[in-house]
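Chain lettering (A, B and C) follows the sequence in which the chains are written, and residue indices restart at 1 in each chain.
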Amino acid sequence: MEKNMALSMRGITKRFGSVVANNHVDLDVYQGEILAILGENGCGKTTLMNMIAGIYFPDEGKIFKDGKEVVIRSPKDAFALKIGMIHQHFKLVDLFTAAENIVLGVDEDGRYSMKDVNNRVSAIAQKYGFHIDPQKKIYDMSVSEKQTVEIIKVLYRGADILILDEPTAVLTPQEIDKLFEVLQRMKADGKSIIIITHKLHEVLSVSDRVAILRKGEHIATVNTCDATESSLTEMMVGKKVSLDIDRSEPVNVQPRLEVKELNCIDAEGIQVLKDITFTAYSGEILGIAGIAGSGQKELLEAIAGLQPIASGQVIFNNPKKDKPVTFFHKSLRKVKELAAQDAFHDKNGAPMRFKGMTNAQIRAQVAAENVLFREDEVMNLRNKTPLEIRSLGVRLSFVPEDRLGMGLVGSMGITDNMMLRSYRKGHGGFVDRKKPRALAEEIIKELEVSTPGVNTPVRRLSGGNVQKVLVGREIAFAPKVLMAAYPVRGLDINSSYTIYHLLNKQKENGVAVIFVGEDLDVLLDLCDRILVINSGAVTGTLDARTATKEEIGLLMTQTTTQRKEG
Amino acid sequence: MNVWLNFLIDSLAFGAVFMYGSTGEILTEKSGHLNLGIPGIMCMGGAGGCLVLNMIGKSSLPGFLIVILGILGALVMAMAMGLIYSFLTVTLRANQNVTGLALTTFGVGLMKVIMSKLDATVYLVGPKMLYRWPFADRTDALQCLGVMFFLAVIIAVMASVILYRTKMGLHLRAVGENPGTADAVGINVTRYKYMATCIGSGIAGLGGFYYIIDYMASQEAYLSLEAFGWLSIALVIFALWRPHMTILGSTVFGFLFSCSSYIANIEGITVTMAAKPLLKMLPYVVTIMVLIVTSIRNKRENQPPASLGLSYFREER
Amino acid sequence: MSERKNITVHEPLFHLAKRAQIQPWKAWAIRLAAIVLGLVVCGIVAFILIERLHQNPDRIDDFYYSFIKGSFTSNRKIWKFLKNMAILQCISLAVTPAFRMRFWNIGAEGQTLMGVLGCIAVAFYLGGTVPDWLLLVLMFIAALVCGAVWGLIPALFKAKWNTNETLFTLMMNYVATFIVSYFLVIWVPSGSSTLGKLKYGKLPSFGHDYLVIILVVLLLTIFLYVYLKHSKQGYEISVVGESVRTAQYSGINVKNVIIRTMLVSGLLCGLAGYLIGAGLDQSVTTESVGGQGFTAIMVSWLANFNPLVMLITSALISMLNSGAAQISQDFNVSGALPDVIVGIILFFIIGSEFFINYQVIFRKADRTAAKEGVK
């Protein structure tokens, strides 16, 4: 069957500052087909589609619709050309009904009648097999219903090219099946559908052709029937690049942070973490790999006490410490009883049973702090506030993903930002700026932060310098556990390596480091073990020294149900 | 006439002042702008109308023309105030609270300066009878239910119809709820904000004019006008951001406000002097109650527009 | 429309960008230019409004001279100017902690009025029955408690149910006004509702009647500067104001900070009320605060919530006020003229903030030309 070209792009290039998001991309879309666009995070898929949808304007290149060159400056232009995009973050007015959102901004002639709109919406829904109540308010809707509204919004405007940006990321398997049925029906109706995804099995099950993007470049477009999971993965991740990160063997490995069957439900009632179980050991870097938004942020925040935990445990193990016995807590009789049960030992670790000792001798031994016991320092951090966690003496450092919105105060200088975690120290009502200032100067010197001064608002620093300040502060806290979410995102090569180096040094100092990353090459070269999560659940744990990018890639895109079957 | 009926009519007539003010403020707030300049705008509306009447009050123009020109004067002056507010808050993205307060300071002051120069025998004595048509000859409360009272009711109802029954209203509400979404679907956010603020200000200005020329119809009326501007902002909360609800709300407010003078006339009820301020306090207390109850019930439809008080800058994500 | 035309249109003539930074001198130069421009517009407006001025246009320099004449040409005027400024500064300081937290408390008017009422109530009921020093202490406590309560009520609801604080505090102003009128009716049986100057409860004067007030406010300015800048609580206020997320991350209990900060604001308003009640009026009316609670919001905002800079902005507003009052006296116009003048100047300063925060970037002409050339 001869297929007509619906849309084609030629030589599309888009730069953001010095970063090239898309480099001379050529792409064709035919009428009545489903084209999947496949690629890792940050490969430029969404940027490319945003240029068709009128969000960005390309720096170079041409776009043709039905064979004619077109210029798309705004979403309105895109709609006029019958192109509609369903963004990952829905753009809906919560307070309005489905129909009101759908009709918003549409220029129609004739009288405005909500009744007509409702009817038309129902007609579209019926045609493609959606289930929707046009009069339901958005705030009462589930994520999948909201997505349906977004799709109908585009169809209502008469779009014949639909772009869906990661439509399945937020859906349950049943909802995904339903969505795919609808997409097939639209395809049969002659519409072109572009679906952005990195879930391989979905690509294989729903699409006709697959275009693979890597690092902003169009690698190839293949017919889905000729592709396999492994061939696609290879094209998607490319050859492994060696990064020259010094990785030492972990020493003195002990369980430090144990997460057991952790479940979290967010404010909208969606389960963001499902039965997560893992252990982070001291002296190693545990990498967390996964598609953006798979629950990485929620996991770290749950551990740090910033996200309510629905069920499960977060256990912190402090290395066991010898502590002297005192009569402050225990009577002499109790001490003797416990000694008989081998509860105490001397400074050399040998058991102390007070055999043949008089009470006076025992008292003397205790007074000399020669009688020691091992204190059980296992703490459950579940549902403790950050302050409670700290007052327990748990040294947990956290470098959040949102550096200026959460980790630092943008309008304050480096000195004041140093105080964020420690300002309560010291007596009296006044803050001590001397020590933070010294720390700030030390960090500026040690980590080569380029800043006009310690009091320059950190908002004005470059991304790399902001991150150095944040990581520097969290490390200065002498943590036992260091969690870092995307610590090198947006950083240049040199700053990135400074951060890797810092994390490695922490690991050598016996810190349990948890590193959430997106670049698989980095994860493989930096970490000791890699935990892969998808849709809030663990899909596998790999040894970073032997694992391959393809393995991780597969686990990242695999759903838990599949894993159980396989 | 029955004292109760008189009381009700007076409440209605008094309420029309707030009806104008809060209908105007609702339109503005629906576009996401909390306009604390409403008292100043109402004052300037009154001044604008009186300024025109001061010029034509004794002319031989036909009555209806004098009425219309006076209303236009109020409208234009108030809209000019609205324009200052929207230029500062929409285009220059200034802080809405500070701008509104400055506008009130300015408007109240300027009105007093202007009014002190006008001649009440020209702008008030003759024209007030025209505005009280068709009840100009009455001596009871009914005399205040003139053209401008009915205009207030019509505007309040129309504002509701436009907000909830037309595409334009849908777009305006979208702008106030989520300007980013409205922008993405191709609605001109800036134009809607300007339009809502200026038209809203114009409507509010009519309230000030009505108060001076019709309800109070006295030379000193303008001195007490500011307080009713603030009450109009309170009424917006009471009406839960629905213009037609201001008709009910303003009657209740008018009722509570004129309670003190009417209850004394009813046999069996005596009102001490001390109770009067407490009765006058009631509208504000009731408004606070409404504000608290709606925030506790947290029903989405009864909340202030989501982007109220925030300025919109497209490149800020 | 041809497509080629579209290509050149895609980039608008100019676009706005947030400034990353601006040198302080530039920011101040912009503000100064705004004030000058505002004064010019004031002159034009005055020219239209004031008959004597457009009959004798050469008196326009008298008009501008009045701004100095109103505040500085006699000892009495200087003292009065300093007093006005001190009271305005005190209320501005009071609203500042809440604003630094981005809690839009526009209820300073009511909180201060309640402070005045509280201290006058004590003086009214206890005046003459207790020693003077004790009376002053009790008045002080009453003023602070009343102001604090008035500030706390909206804060509690904000913390608990996120009730809109702007509208809540606004309403509280009017409730306060009517409470004052209620007490006036009770206290003044004659029905005139005007409470004469009370005989008791006057702050002692050292040298000059206003000196105590001025010194107290000066000390308070320094205190608040230190509190906001160097105390742990002040630090918490800044963090909460900047980002609630960051505050939670660092373990700050946001609700407690909201309540505590509004308590501070309320207490300071109460103090301002005490200065007005015990220091100046020895009486209370519904107009005791006279709208300064609203003006203070603008003073505080103009100073970017910095107590020391506030000395400049409150001085500026007080100077404009007394200058304009002088004009209305000299040129025989309505006493409301100061409001008009202050309003106009405020518009210009408010507008000028835009040029400090944003940058207007014009489309480069050469790029357009190049595109036209390529076709």
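Simple rule for what comes next: a residue touches a chain if its C-beta (ideal position, glycine included) is under 8 Å from a C-beta of that chain, and two chains touch if they have at least 3 such contacts.
Bear in mind the structure is a predicted one, so any value in this text is a computation, not a measurement.
Contact tally for A-B versus B-C: the pair with more C-beta pairs in contact is B-C. The most central chain, judged by C-alpha centres against the centre of all protein C-alpha atoms, is C. Mean C-alpha positions place chain A and chain C at a centre distance of 45 Å. Rounded to whole angstrom units, the spacing between the C-alpha centres of chain A and chain B is 50.
Inter-chain spacing, taken between the CA centroids of chain B and chain C, is 26 Å. Only residues 34, 36, 84, 87-88, 92-95, 97-99, 101-114, 116-117, 227, 230-231, 233-234, 237, 273-274, 276-278, 280-281, 284-285, 287-288, 291-292, 295-296, 298, 304, 309, 313, 315-316 of chain B touch chain C when the two sit together in their complex.
Taken in their complex, chain A has these residues touching chain C: 57, 69-71, 73, 304, 306, 385-387, 390, 398, 400, 402, 405-412, 416, 419-421, 423-424, 429-431, 433, 460. Taken together, the chain B residues at the contact with chain A in this complex read 165-167, 170-171, 173-174, 177-178, 180-182, 184-187, 300-301, 306.
Remark: chain A residues 74-76, 79, 91-96, 100, 103-106, 108, 112, 137, 139 touch chain B in the complex. Contact residues of chain C toward chain B in the complex are 15-18, 49, 104, 106, 157, 161-164, 166-168, 170-175, 178-179, 181-182, 185-186, 191, 291, 294-295, 297-298, 301, 333-340, 342-344, 346-347, 350-351, 353-354, 357-358.
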